[in-house]
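We call the chains A, B, C, D and E, going by the order they appear; numbering starts again at 1 in every chain.
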Amino acid sequence: MLLIVVAVTVVVTRDLLKATMLFAIYSLTIAGLFATLDAGDVALTEAAVGAGISTVLILAVLALVPRYEHRRAGHSLPALAIVTLTGAALVYASFDLPAFGQPGNPVHQHLGAYFIDQTYADIGIPNLVAAVLASYRSIDTMGEAVVILTAGIVVYALLSPPPRPRRGKEDER
Amino acid sequence: MSSITELMPFVVLIPLIAGPVCALLPGRGLPWLLATLAMTTAFILSAMVLAAVFDGATLSYAFGNWAPPVGIEYRVDAANAFVALLITGVSAILLPWGKPLVDDEVPERQGSFYALVLIALAGLLGITLTGDVFNVFVFLEISSLATYGLIAHGRDRRALIAAFRYLIMGTVGATFLLIGIAVLYILTGSLNMVDIAERLPTAEGARALQVGLGFIVVGLAIKLALFPLHHWLPNAYTYAPSLISALIAATATKVALYVMLRFIFDVFGAAYSFAALPLAAALMALAIGSMFAGSWLAIMQSNLKRMLAYSSVAQVGYMVLGVSLTTLAGLSAAFLHLFNHGLMKAALFASAGLVAYRCGGLGMNDLRGIGRQMPWTLTAFALAGVSLVGLPPTAGFISKWYLLSAAVAADQLWLVGLILITSLMALIYIARVVEIAWMQPRPEGAPAVQEAHWTLLAPVWVLVAANFWFGIDTRLTVGGATRAAQALAGGVWP
Amino acid sequence: MTLLSFINYWAVIILMMTGYYCMIVRGNMIKKVIGLGIFQTSVFILFISAGKVIGGATPVLREGVERYSNPLPHVLILTAIVVGIATTAVALALTVRIREAYGSIDDDAIDAAEEDDRV
Amino acid sequence: MRDNAILVVVARFLIPLVMLFGLYVQFHGEYSPGGGFQAGVLFASAWILFVFIYGLETALRVIPQRLIYALASLGVLLYALIGVLGVVLGGHFLDFYPLLDAPKAAQQTGIILVEFGVGVTVAAVVMLIFLLFARRRADTVAAGLDPDAADDVRVDAE
Amino acid sequence: MTPFLAVLIPFLGAAVISLAANRPRLRDGLCFALPVPLFLTVVGVLVRRVGGDDAMEQTLVEWIPGVSLTLSAQPLGLIFALLASTLYIVATPYAIGYLRAGGYHHLTRFMACYAIALGATMGIAFAENLLTLYLFYEILSISTYPLVAHTGTEKARSGARTYLALLLVTSIGLMLPAIIWIGASAGTLSFTAGGILDDSVSPGAGALLLVVLLYGIGKAAIMPFHRWLPAAMVAPTPVSALLHAVAVVKAGVFSVLTVVLYIFGLEYTQSLLTQPLMLYIAVFTMLAASLVALRQDNLKARLAYSTVSQLAYIVTGALLATELAAIGGGLHMLMHGFGKITLFFCAGAIYVASGINTVSGMDGLARRMPLTMLAFFIGALCVIGLPPTGGFWSKWYLISGAWSTEQYLVVSAFVLSTLLNIGYLMPPVMRAFLRPPPDDEPARYRLSEAPALCLVPLLVTAAGTLVLFILADPAYRLLAMGIP
């Protein structure tokens, strides 16, 4: 519930600095939630990423852009309709999703069970998340590393050329 | 057979590994050389792979030797081998073509530029070959992120806005896909496509499954730029560097369509997908919307690249229309057009790129009388345009023939009319450019424009020749498309 | 099934829609990026909560623990978080460049500038 | 900030600690939560702390930007190298069993190595991105532009 | 000496001409030389076919399962190919002479497109199935577009737009779906004696297909889709002469004849509900176009409407669906080709030599250009259908065909139309020979014929119409070979 309140505040406030801080709090809360859901690795990562890196980055950007958001003319009803529709679809779906936390859910039957039972025999390390991440699904993880690298290269390409004076229209040649 | 299985993942891995290497290379020549070599090798490999699966075989490669569904597998049949051949082939031709244009538009830090190109292509190929739903998401993000960066390389400042808006739309699409994957995973406990397909019958009838399918289709429709989710595409194609416009126009939407079909047919199963949601009707409506909106907006444009971009929206409509006929013939036609459209759009964007390179602008005013000064480029454009309109003996005619035949066979005669009307609309916007370029005099005082160097023209003409070659010798394209359709919907659809 | 078991899903859905709304309605680019973050994280919660087993433990094998939560969603979400931050970084870099090129990061102002460009 | 004695003392103490913790998370990931990604982030945050206290120029003298950029790619390449090694030694891509004779040790070696690759990339990229953002303002001023210049459009602040 | 070679030669020629763009002498030499091997090849094929060889069917590639890209030599096609390749020989020097005298630019593009158009015409003539025919039909439309728009003026561009739009709209919008429909129902698209549609589609569908196909073949210029032909008159006269009096329009009526003979079959056509409808539309076109022609002062426009009317003769011949009328149609294709190209050559020569392009300006012209006007007179006789020209025979067979089916309305329409022909073709001749020049400027009396490159071809074709009067019989027998 706290999450929802925080999230809505983030959306509503027009002070971007405030929004950023609230977003950091939001991330930390999520990290706590992950920890209670037994996802230690994920909690650690979310805390480091959501509350750490992205906050620092947004702050760094805020040093370069104005702090306040412009008021926008009117509300976008179509957008609200789309959002409601999407939400309604998900609520509709939720009735058939398995109940929370039951060991009998399909999720826990198939691959989950394999990983819990077999990992130690296959690989011999206790941290199942690390095992699945780096061995069973290692191509995904390689993809993840490439994603990070891509982000690095893109930001490098975007921000390393020196800034140029603002122009009304970029000349073509 | 087994050795080709071992080599198959390298279609993806070669560009994926060459990318980071490229980022480290200095100067202008080396990164380009590496990229070209990598894509050429990948092209040869994917041709071998297609040859191996052409008769209906399926290759499976388990990463880390963990047998699926525990590990991740690459699973190749005729459908994705066909798409992979298009991606690698077009990029192997376009990279040599694009070198001087890139030198012109992105003078510095080419190492990182070509690294992004390779990574984007590797991402697309990864989506194409993988047999794991989450892996689709990861590679989709790889290619998308690299593409955003590449679009932002455009010289015009509007490229930045285009990239940002594409980023927002693209991420929404990817997140929708992720929600769909979550539903699939929650209901089946598996991530492997074949495995999910086997387990889904237990969950059939679940409302969640319907919604999951809906989210996946919508998410991918954004990537596919299907009307009315196409708004990101025109700006992105228009302001990106020429090489990137040509590359992504020829490949990105095709991959999105392919993976959408893979989800619909293989993961959910055609029988389920088309019964659970009014998918056929929805796709047909959106396809017709795309065809008309795209063609109409293309006619309204005054910038050549923008016009071609809207035309892409229309052409995507044809492909989706083929799928929505729910027959094997329609699906074959969709695959056929997927391949042929890749060829024709690559040729069109490539010749437009040469015009931009030589004459600077792409407004209709810049084009006046340009045909006399760049005859080879504009002839290539006109011939590729003939293919786009769908006149014989070009690849475009073959796709249209099959699409029309499929519509007739499905007793949807009214669609024949719609397809023909939009073809004539394509004729209008292509003929207009040709007329302006050839029949109008050069404006007073406009600087003389030189024909592009033959090394630049050669790849464009290779593409044009391919359009004509596949318009006459249709064994590869029609055979590949039929087998691709067979691989996806064989036995399910008539 | 009790109503309670849905609350989790519904909370996720509300969060999701909040972020989604923020993304498509807000004209400010930073706001869009934050909305994107909220939208994505809510999907992460969906995955993680699916992996939870009541009475289970963090999936690190130990003596004397019988029941563990499912490690697979954790792996997926680790990857997804990384993808998310990568996207955020790129979006922010673009924002900086857009601000430099246009002098604003608000949709309305940029739309106006785009109109100028077209002329 | 360099003048603030207390901060410097605290930082001198804190930075090695964070780095040490990063290394712990990196190489102890098999036993407790954590791994390459988290370690990379931790290491980068130690570096960011260093930047806050000693300034960007000093930090860049220790690790120049080109090196950071190169390390980002090298991390991924290390990962890929391990993968290719699996193929060369007769297995599949990212197959760790062929690396050593003992199967479990082989898996663990593989995991540690690829996690290290991830760690290097993540640390380098986070550093790079932070560096670029942080320098942007200075660059803007250096280019003779005013980063705080009012928007082209009037701001109606609250 | 195969059909394939005949198609290949012009295409190769076009490529060689483009490559020689920077060496005008070589290029012109190539242009002069190109028609000769083409003509010899067509004659070779003709000799082999008449000598008893089979149809020399050649399949290039299986294009679409069940339909191949195939060429073969059939009698009707041979007549058409012979007509086009013969006239190509005389039209080339005429074109070069005309373009040089008129100071036109971009000769390379012109000659290359000219050659491609001829290649496409050969392809249409030798097509073995409907899809192959469609392929070359579209190539012909596209390759003639640059020729029509050649001068690049606003007028030329808008005319060319109309031209291309009408031809492509009809062919893509009507012909292509009809082909797909036929292919889907009959399972084949090969031209077969007696037709292929007989029992594969319902009578209603067959009736609809007839309408769709006849209008889909826009090049046959049946009203109301005839507008492209007058619009195409913005082209330089050599284009109008060879393409819009011979190759393009004859490709249209040739397609109509082929479709009626080999897709529908004569008997089946007669049984169709829409056969009378289309017949009367053709008859209407014939009369209406003649009436319009009467009122045109611009010489080329008058000739264009005359062409529309004459094409309708041939379509009428096809739609009468009897052996005699179909042969008459085939013959008229040949005869009208020679007659009309003569008239166009003359019109062009007059324009080049004196700048006159209207009928009213032709007073006394015969004193300056006696040879040209003599040729004009002979050409006019041929188009009207009077002896001693070949046109007499074709009109004779057409009327006989109509008579034999007891379609007296059609017979009277033919007669009426002939009177109208005289009405619009004779006045220019009368004015030129009988009236004095408008003023007494001495220069007007001086002999000033067009350059030899223009003059000789028109004399040759005029002579040709006379020769055909004698040679009509072999042509008749050749055509009869192909009609069951």
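Please note the rule applied: a residue touches a chain if its C-beta (ideal position, glycine included) is under 8 Å from a C-beta of that chain, and two chains touch if they have at least 3 such contacts.
Predicted model, so just to flag it, every value in this text is computed and none were measured.
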Length of the shortest touching-chain route, chain A through to chain C: 1
Geometric centre: closest chain by C-alpha means: B
Chain whose Cα centroid lies at the greatest distance from that of chain E: D
Most extensive contact between chains (C-beta pair count): A-C
Chain centre separation in whole Å, for chain B relative to chain A (CA means): 28
Approximate Å spacing (C-alpha centroids) for the pair chain A, chain D: 19
Interchain centroid distance [CA atoms averaged], chain C/chain D, Å: 22
Rounded Å distance between chain A and chain E, as computed from the means of their C-alpha atoms: 71
Touching two or more other chains - residue numbers and ranges from chain B: 16, 20, 23, 63-64, 115, 134, 138, 141, 145, 148-149, 152, 156-158, 179, 185-186, 191
Shared-contact residues (touching 2 or more other chains) in chain D: 31-33, 37, 69, 72-73, 76, 80, 83, 93-94, 96, 122, 129, 132-133, 136, 140, 151, 153
Contacts with two or more other chains, residues of chain E listed in rising order: none
Every chain pair meeting the contact rule: A-B, A-C, A-D, B-C, B-D, B-E, C-D
Residues on chain A engaged by chain D in the complex (per definition of touch): 14-15, 40-41, 43-45, 48-49, 52-53, 56-57, 60-61, 63-64, 66, 68, 70-71, 122-127, 129-131, 133-135, 138-139, 141-142, 144-146, 148-149, 151-153, 155-156, 159-160, 162-166
Residues of chain C touching chain A in the complex: 1-2, 4-6, 8-11, 13-22, 24-28, 30-31, 33-35, 37-38, 41, 44-45, 48-54, 56-62, 67-79, 81-90, 92-97, 99-109, 116-117
Chain B - residues contacting chain C, complex: 134, 137-138, 141, 145, 148-149, 152, 156-158, 160-161, 163-164, 167-168, 171-172, 175, 178-179, 182, 185-186, 191
Footprint of chain C on chain A - complex, ascending: 1, 3-4, 7-8, 10-11, 16, 19-20, 23, 26-27, 30, 33-34, 37-42, 45-46, 49-50, 53-54, 57-58, 60-62, 64-66, 69-70, 72-73, 75-76, 79-80, 82-84, 86-87, 90-91, 94-95, 97, 99-103, 105, 107-108, 111-112, 115-116, 119-120, 126-129, 131-133, 137, 140-141, 143-144, 147-148, 150-151, 154-155, 158-159, 163-164, 166-170
Of all residues in chain B, those that touch chain E in their complex: 372, 386, 389-393, 398, 401-402, 404-405, 408-409, 416-417, 420-421, 423-424, 427, 431, 435, 438-441, 472-475, 478
